[in-house]
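Here is the structure we will look at, set down as structure tokens.
Here the chain labels run A, B, C, D, E and F in written order, and each chain numbers its own residues starting at 1.
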Amino acid sequence: MTEESAGGIAKKFLYVNRRAPYGSIYGLESLEVVLIGAAFEQDVSLAFLGDGVFQLTKGQDTKGLEVKNFSPTFRALEDYDVTKLYVEKEALEARGLSAADLVVPVEVVSAQRMAEIMEAQDVILSF
Amino acid sequence: MLHTVNKSPFEHRALETCLKFARQGAAVLLIEDGVYAAARDTAVAEQVQEALKTVSIYALKPDVEARGMQNRVMDGVRLVDYGGFVDLVVEHNAVQSWL
Amino acid sequence: MKFGILVNEGPYTHEASDTAYQFVRAALAKGHQIYRVFFYHDGVNNGTRLTVPPQDDRNIVKRWSELAAEHKLDLVVCIAAAQRRGLMDAAEAKRNGKDAHNLAPGFRISGLGQLIEAGIQADRLVVFGD
Amino acid sequence: MTEESAGGIAKKFLYVNRRAPYGSIYGLESLEVVLIGAAFEQDVSLAFLGDGVFQLTKGQDTKGLEVKNFSPTFRALEDYDVTKLYVEKEALEARGLSAADLVVPVEVVSAQRMAEIMEAQDVILSF
Amino acid sequence: MLHTVNKSPFEHRALETCLKFARQGAAVLLIEDGVYAAARDTAVAEQVQEALKTVSIYALKPDVEARGMQNRVMDGVRLVDYGGFVDLVVEHNAVQSWL
Amino acid sequence: MKFGILVNEGPYTHEASDTAYQFVRAALAKGHQIYRVFFYHDGVNNGTRLTVPPQDDRNIVKRWSELAAEHKLDLVVCIAAAQRRGLMDAAEAKRNGKDAHNLAPGFRISGLGQLIEAGIQADRLVVFGD
């Protein structure tokens, strides 16, 4: 197993994203952790709850803000073997969004299912 | 009077509080994460539409675009750029920032 | 018209400093005056010259300094807030026995009275924060 | 008039407090502005909306946090001729509080009245 | 699993979100401004009482005292000091901080 | 038990750094180990030696430094977050051509890998922020 070849047992890491992009830097700096963390060959999942779903929306154009649009980076996660992206169904709905509005394929899950996913983790990094 | 709101209406009560204190004829400018309140078909859209009956609501265009919302802004909310923000401040006697 | 500006958050973490900067630039472009920009709370962290942002990102501190130089802006960092958070100029470093200082060009450190004065002298005071 | 003796026309300053104490420093640093500002002989009012009312509650004991309890300072405001303290009625009620729970005498006002007070200001400092 | 909530329930939706994701048997520790949720007779008290039927709720005593709430904590919410916070972390497999 | 600690906010503005400090002290008092305290986002500002808090207030940076000295704590400031916000040690200052540095005793600057490693090595990771 990949995990054991890295010299240890893989832990289940969950990154919980609950903030909208650009109003604060948490989303961007959280993604920086995910990218670095990918090299450690752990069992990684990302959860997008509440306003966190806004990080994934299509059509972001940050020229007017003079900041970097980091949403395309989510598309690169696959190259890092980070493929488990869970999005809260109710959060999408409350915000008038659907999976088709997001820049990457995700698994849209109920609050109940998301709670189960959270319970199964060893390490939860929340930003 | 001009009110600015910079918080997402889905996570904070800043917009709700602002609308409680914004009087007839006041202007509300949504900036930063506050612009999410300008989107159609959300859980807070009805509240914003109701408010439009008594106050003018603006949203800061660069913030709207950064968040990919340019095609989802509800009717009645007017977009302004930073220059328009400046004009709104000039036109009103004072500014209350709902941080 | 004369504007006073209050910035309550530091660079990068919250959008407040960006919005304030763009507002100030737009106001100047329209021929208005900026009486003073006052940095309070974590806003004092906009005044450090020790930031090294990524190459592909904006340099928030530097562009405040440059805007100040170009338009003779008065950028004031609150001394009480700065002391709590580790911002100081050479004089403050000397007075407090510190071996370094970090204030960026174009900023000066002064008291809260400068904020009140901005409220009195400016036609409008606009607050940016989190 | 005091205002004219200070060499100018007094402006109406309103300090809007909407944050609970200790979770963040905004309440304390806002009060520091009020104290300094008092020397400028302007027409000063303080408004406590939402969680801001928590700044004024009696019985604060910060020993366990090892931070300074700044609530007694509100009692000193009178010595600085800062006497107009307005508290949002609905905010108190939602939090299970009444004027008797506060460290200083305040005027409890409706949202409607508070809105009128805000409209009458020249300068609004919000923290 | 242990959940911590550090935001006031009157201004933010953090507690509401936490309770949505806290499963039967989970523990919720209120810290910092989150302790306001532990007070009796507030607009959110009923929501907290309802949650007490399925999860354990704790509040950090130094934060409760700093806010002058020592006599207003509702029945069923248990107070812990920093050592108790540590024990709660030890007793649960993981911690989710609802920031 | 071994704890990893993540601190996401700076000193004074939010309570996060206070709570984290009290948690760490309580854990040590109970005989637990602190594998690492990692400072990210504005949390990096806990690592500046240039703060001068009021006499009657706690000195947040100093007490982190002292606790580190007493218990050999590993206090790590994230390099990427630090560069954005103006925190640097002597080596970083030299590399970036800066004329000053401000890292406090007991802190070291390193990469985000140190946070992941803390997640892997510690029995529990606890996050403090705003």
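One rule holds in what follows: a residue touches a chain if its C-beta (ideal position, glycine included) is under 8 Å from a C-beta of that chain, and two chains touch if they have at least 3 such contacts.
None of the values given here were measured: they were computed from a predicted structure.
Asker: Using the touch definition up top, find the fewest steps from subunit A to subunit F.
Answerer: 1
Asker: Suppose chain centres are the mean of their C-alpha atoms. Which chain sits farthest from subunit F?
Answerer: Centre of mass proxy via C-alpha means gives B as farthest from subunit F.
Asker: Taking each chain's centre as the mean of its CA atoms, which one is farthest from the centre of subunit A?
Answerer: Chain centre farthest from subunit A's centre: D.
Asker: Which of the chain pairs holds the record for C-beta pairs in contact?
Answerer: C-F
Asker: For subunit A and subunit D, what's the span in angstrom between their mean Cα positions?
Answerer: So the centre of subunit A lies 41 Å away from the centre of subunit D.
Asker: Please work out the Cα centroid separation of subunit B and subunit F, and write it as a whole number of Å.
Answerer: Result: the chain centres lie 38 Å from each other.
Asker: How many angstrom lie between the CA centroids of subunit D and subunit E, rounded to a whole number?
Answerer: Subunit D and subunit E have C-alpha centres separated by 28 Å.
Asker: When the centre of a chain is set as the mean of its C-alpha atoms, what distance in Å lies between subunit C and subunit D?
Answerer: Distance between chain centres: 25 Å.
Asker: Residues touching two or more other chains, restricted to subunit F: which are they?
Answerer: 8, 12-13, 15, 22, 41, 57, 80, 84, 125, 127, 129-130
Asker: Could you check subunit B for residues that touch two or more other chains and list them?
Answerer: Correct list: 6, 10-11, 13, 32-33, 62-63, 81, 94-95, 97, 99.
Asker: Give the residues of subunit A touching no fewer than two other chains, as numbers and ranges.
Answerer: 18, 22-25, 50, 65, 67, 122-124, 126-127
Asker: Any two chains that touch count here, so list every such pair.
Answerer: Pairs of chains that touch one another: A-B, A-C, A-E, A-F, B-C, B-D, B-E, C-D, C-F, D-E, D-F, E-F.
Asker: Residues of subunit F touching subunit A in their complex?
Answerer: Those in contact with subunit A are residues 6, 8, 40-41, 80-81, 84, 111-113, 115-117, 119-120, 125, 127, 129.
Asker: If we count contacts the way the header does, which residues on subunit C are in touch with subunit B in the complex?
Answerer: Listed in rising order, the residues are 1, 3, 8, 15-16, 19, 22-23, 25-27, 29-30, 32, 124-130.
Asker: Quick one: in the complex, what on subunit E touches subunit D?
Answerer: The touching residues are 6-8, 10-11, 32-33, 36, 39-43, 45, 61-63, 65-72, 81.
Asker: Using the touch definition up top, name the residues of subunit B that touch subunit E in the complex.
Answerer: Contact set of subunit B toward subunit E: 10-14.
Asker: Flag every residue of subunit B that touches subunit C in the complex, lowest number first.
Answerer: Within the complex, subunit B touches subunit C at residues 6, 31-33, 60, 62-63, 81-83, 85-87, 89-90, 94-95, 97, 99.
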